[in-house]
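One chain, chain A, appears in both complexes that follow, with chain B as partner in the first and chain C in the second.
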Partner chain A sequence: MTDKITRHVLAEFPYQRSPVERGYTNQTLYINVSDYTIAARPVTDFMKEKFIGGRGFDLWLLWNAVKDTTRWNDPENEVVISPGPCSGVTQYPGSGKSIVATISPTTHVVTDCNVGGHFGPQLKFAGWDALELQGIADRDVIVVIDGPAGKVTIEELPEAPTDTHLLGAWLTEALAETPEDRYVISTVTTGTGAEHTLIGCLNFSLFDRKRNDIRYKQAARGGPGTVFRHKRIKAVVVIGFPVKGTSVAPADPERLARVGAKMQREVHEYDPKQNRMRNRGTPYLVHIMNAYDLLPVHNFKFGAHPDHVKIMADVWEARFTQGLPDGCWYGCTLACAHAVDGFELRTGPYQGQRVIVDGPEYETVGALGSDCGIFDPDAILELNFYCDTYGIDTISFGNLTAFVMECYEAGILNLERTGGLDLHFGNAAAALELLHQMGRGEGFGLIAGQGVRRMKQIFAEEYGADPAFLWDIGVEVKGMEQSMYMSKESLAQQGGYALTNKGPQHDEAWLIFMDQVNNQIPTFEDKAEALHYFPMWRTWFGLCGFCKLLWNDVIPPSNKYSQEPAKIPEHVANYVEVFSAVTGREVTKEDLIRMSEAVYNFQRVFNWRLGGGSRKDDIPPYRAVGPVTKEEYESRQERYDKQLRELVGVDPTSLTTEEKMAALRQYREGRYQQLMDAVYKRRGWTPNALPTLEKLHELGIDLPEVVEVVKRYL
Partner chain B sequence: MIKLLTFNRERCTGARECERTCAQTWFKTPAVECSSIRIREVEGGFRATFCIQCGECIAVCPANALYRDKQGIVRVRKADCVGCMSCVGFCPYAAMFYDPQEAVPFKCVSCGQCVKTCPAQALAMTEAPDATQVEALSGI
Partner chain C sequence: MVRVNQRDELAWEPGLTVARLLERMNYIYPHMVVRVNGVVVEEEAYADYPIPDGAEVSVIHLIAGG
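Up next, the complex of A and B:
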């Protein structure tokens, strides 16, 4: 719509659009940016049966693309994006997700992210069940998937900016012939920060018709943006089609519409009385987490802070523009994807610009806010915006900034080592400058941008810091920075974070209330059962293209009378209906768990194949388990002393704080080891976290190449 | 002033002629599922469900497919509708209906055809400044 840009097409692939049938297009798109190969590949019945779609397709395609020795920056590593069969459904809220997978630059195993925006559904409507991006280009390239024209191109667009808020708008305007075209265009971009750090995120766009502007949702965990930019891909654009209620061509549209209308009514009736997500989004959690001592403060030392009131829900409700349908896909009336409009930037290269800030979400408030001791909403918004446009994961950035702040206060870092950054807790200006350094690729930002695990090594080797202390306080597992819940008082959640496949992200299991608050899973066996069921259940959302929030962030009042209220049985039944109605594959609730179990076990074997996956990789840092420092112990001395008396069988009266800390640590770490044994047993794994051949056979995932990997380690 | 449908519950005898007329007028079928007015029996009489043109659905629609026309009537622009059911779920009066095959909503547009065929004169077209009048007049 703007003056048309010159498009230097480097490669072109015409294709016949495969129509969507029962949620699938039955072909995937392969693109190699090294040699400009572009190809259509069939989706087999085996893939649909065993891997379903979304994260399942990602893992299968990636498995076939890489070698055992592939590292994140090798050409054969891929960024794979797949929407899943139910993604693109409009009738049932929360059904427009894309799932991204790649070998992570920080964990060196597979990372996967579940992201909103319109890209995944429109990729499907343009004819593709998944997109593989392989190779490393010799120049910056942009991939355009043009559904209406039936062609895929790799292009060189030298004038294209890099940072997301500029590039997404530039591409959308450049490629739209009419204003309505903007509705069907979605971009995947990152930014300059992804070029200089290992914590790069991808931004998936959506055209917000009410705002008449572009917004973004992030696939952020584990550095997919870093891999994307390392391939010298600046953007992938899909030009799709106008969306209809029939766009996924469901097997039984009436059944789908019925369950969708029911759920829409439920959101309408109960969200105003429950979480009020439609007004506040996920930051409604800040106050609750603080009340239960679960809100990370000062690098997870503490779980509460009096200043949390400055960054809690009502503050964000006042800042978020109200009354707009803020779903990240059509039909999501829970509408948690809120935004602050017209925010004036005070720092950095875009100082003075008025921008839309997408968010902040709860995790971002915790990471950029309380965990860094920053309780200034404007600073959080500024950090949030720049993280997004630079293509940096807000959770990892906040977590690692809190880590360097603690190192600074502990004397491991100083002004000389940080290049003049006074990284005390609460210094928002220093945090912002650290972020801008990542965007520019300068100074201490280059060190911090490598993530917590790498910094531990650097600080020990170059600054002589105590490696044991660094290991204890760096809140990462497998190399991924932990998301924003305190797990010290919930053994099950310690497992919920650390026994994950990709790293400590709460999308596998969030068991704190069941465990710590309601004491519903007291024994190791109970916890192991929860650490079997919930990761499998939540994995299923990623196979199909669903959001998790519609499962348990609005709840029918009758749920409390159900036999297993934590599972929200009525909503599980909804998903059985939606999946069956879309795909025509009649399933039961047990089938859903089996689908996930096959993919989940496959992913664990994939981790082993890449050199991770074992018991030692599932150990959390002690900061996530108990009090590392005297300051932490003494801040909650009454609680810990009581535990020593009642649980450990030690009288704390005559002990020093150090002695009490040691006794508590021995107890807690021992319990964690017992939990691992129970969970591995429940999952059908060896005590070293390797899926057994019997388990793989039972799940029908005992493919020769999978068995071959497992046999190496038995 | 908006020309609005109103319902007099004292007069309704439950003949349901309005449902048949509406479905026939807009979908060429007598099937009640295709009617934009629905009569339900309650203790001591009948109640009607139909759109009172309050317009709350307009803000909920993510695709700008709902709008108020020059006469003040809320309408569905089918070409823009994404079939998301948001308006169906969020109508305060449960008066937004949908075609389950296409997932396209439909609603009363105050055409007045049902008024003509009601044997009990329970329906009328009324000039009113806004929807609150209908709510009061019709006991919805």
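Up next, the complex of A and C:
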């Protein structure tokens, strides 16, 4: 099929494929698109011991690539992709992830994303434990990693489209010599929206044999797609190999098979009785979150809405193609990555086309739906599709659209300032047009596409808006828009979002039910312990290439008798087995936490090195902590009045709403400060969120260059 | 009075069962561990399991997010 296109090869690097041994190929691929350098670099024992793989490798390689002063758009910034030693396993479900890291255009510190699709495993099978993309090309380029041919090329393909749903298909078709080749090709692409905004995502493809078509999973948080397109990279393609149970060459295949079979049986038996992820994926959460007042509505003002029934799981289950469990990697029986087939687009440049919409996931439904007051499933699907193909993060887009909608209703924005967009909550047509403007790079879309933090500044400086109000209602931390859970009534989750390394994404810690509902962590010390353990535990998935969902979205029956049910100890034990069986490195459950702790602390020091990472960077906006407006307070007045009486020690009966709000705010913000103190202490950090030298030494990451950064700030 | 999760107070009513308590608390998540005065109650027994006045009830939702 390659004769269909003209391939202008700008650089070629032949290589001897390094075989996979115990999950590793022991070399990484470095590509500089400025000067067309392509090189193989060794993976050292130190890297494997301390950084494990995945996010750990990403951080280590990025640390060594950049300077203290590097910004997201400097040539030395990299997009790094690493699968981790267990990625590519087919025996244990949820073992096919890639982890992406780069210096973010919105947070200016490192962002990391855990993404499905076939790219990471096939990158490994093609001979590489990680891929570094550095430099800025002088023209649009495509990188092709051809495992069977043993060569890496940087190419100019002038006919290539940009938007993902076109480009991914075009490349796959163009590079597949036979129909079967499509099964082993995976692409990383983005789209026109990533060129015009700071919230660009990357789409990782997988060839869906059942649909005989290509699908995509997104690495979206913090703008990696923006960095990718700024480098003028249109796509990275890997051509890999047919997948076998031995593709990762595990140290103990029988041990891996045993634990894998056990988990596969468990998913098969219990998912249908529990969350039914196999049928309806993550949108099962919509109804649950609404019932517990946790579903973001109208820019996180409220946690529930009567119209949520229009966008809850049953609606999506009816739309998802039935009878097709949708895994994003082979061997995953949970297979939750559902899609809507044959969706006819009603707007935009692809109007009238029938397309596959990957998702929507819960986060997307919350962001593009309830948070914007949009309860129309077709509109959510259309927004979802265009976000993906334009290369825009659905969470950030939904969050920032809700923000501008609130600004519009508050009079900060008007038709003149938005260029005619009537951005009232619920106006799906306006949201779609805003998205298309981002795709085209025009109008108000260019302003909105810079993200919530930058808009706060613009609206204050240019429109005279109250900066304090903007700070309160813009739900971002560090410059990253928060994902879709209400944290007002969970102090631990406020920390779970804001005391993070990369920004308010729930993949570090999701403690709302433990805290707000179960009351399992009532004291500051309890919360601090949870905000130590769970971020470390969840970090570990990203080191190894696992999906988090297999840990706690299916629960073994024995769990109810566990002393620590939130940790799902039986599944933790499974992961100890899988890691040991793949790598041959015998570990304990405590070792897993230590692995993460080293990487996590390294990442915090990295943030300091880049100018972030301190206590002030860990402060959430008040909308994430409590009621900003009278409307919010009065909508839950009984709850808040009760808290004033019982927790704050204030009698609300003689107070105005404004006075009650002020008293509650003082209480809640004070509690958050106390939480920060407790968490930093538990993590072994200073009160300003800096890892101590003792902590670095204890973790074995007291490298001279790391210590030098910390000493600057002690 | 019944205390739920060592914090929330719920007025006791004659014939109060686990199922009725979950309904009144609007606890709809499908996977929980319920203990009444420290005794684990199997899901099949929710409809009939009586909760005495003054009971300490623990309802642990086994959900840990996306």
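Quick note on the criterion: the second predicted complex is superposed on the first by the 712 of 714 C-alpha atoms of A that agree within 3 Å, B and C clash if a C-alpha of one lies under 4 Å from a C-alpha of the other, contacts with A are read in each partner's own complex, and residues count from 1 in each chain.
Note that in this section a contact is a pair of C-beta atoms (placed from the backbone, for glycine too) under 8 Å apart; a residue touches a chain by one contact, two chains touch by 3 or more.
Keep in mind that this is a model prediction, so the values were computed, not measured.
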| said: Do chain B and chain C fit side by side on chain A in the superposed arrangement, or is it a clash? | reply: fit
| task | Using the superposition on chain A described above, determine whether A:265 touches chain B (first), chain C (second), both, or neither. | result | first
| field | Partner chain in contact with A:327 - chain B first, chain C second, else both or neither | value | first
| said: Which partner chains sit in contact with A:253 here, chain B, chain C, both or neither? Use first/second/both/neither. | reply: first
| remark: Here the angle between the directions from the C-alpha centre of chain A to those of chain B and chain C, rounded in steps of 10 degrees, is 70
| message | Looking at A:243 after the superposition, I want to know if it touches chain B, chain C, both of them or none. Which is it: first, second, both, neither? | response | first
| request: Tell me which partner A:90 touches in the superposition: chain B (first), chain C (second), both or neither. | output: first
| message | I'd like to know which partner A:471 touches here: chain B for first, chain C for second, both or neither. | response | neither
| task | Determine, under the contact definition given at the top, whether A:274 touches first (chain B), second (chain C), both, or neither. | result | second
| said: Quick check for you: in the superposed arrangement, does A:36 touch first (chain B), second (chain C), both or neither? | reply: neither
| Smallest separation in angstrom, by C-alpha atoms, between chain B and chain C in the superposition | 22
| message | From the superposed pair, tell me which chain A residues show up as contacts to chain B and also as contacts to chain C. | response | none
| field | Residues on chain A engaged by chain C in the complex (per definition of touch) | value | 274-275, 282, 285, 287-288, 291-292, 361-363, 483, 485, 506-507, 510-514, 517-520, 522, 534, 548-549, 551-552, 555, 559-561, 565-566, 568
| remark: Contacts from chain A onto chain B in the complex sit at residues 90-91, 183, 209-210, 242-246, 253-254, 256-258, 260-261, 263-268, 323-325, 327, 330-331, 333
| task | Under the touch definition given earlier, write down the residues of chain C that touch chain A in their complex. | result | 5-8, 26-31, 33, 40, 59-66
| note | chain B contacts chain A in the complex at 59-64, 79, 81-86, 88-90, 94, 98, 100-104
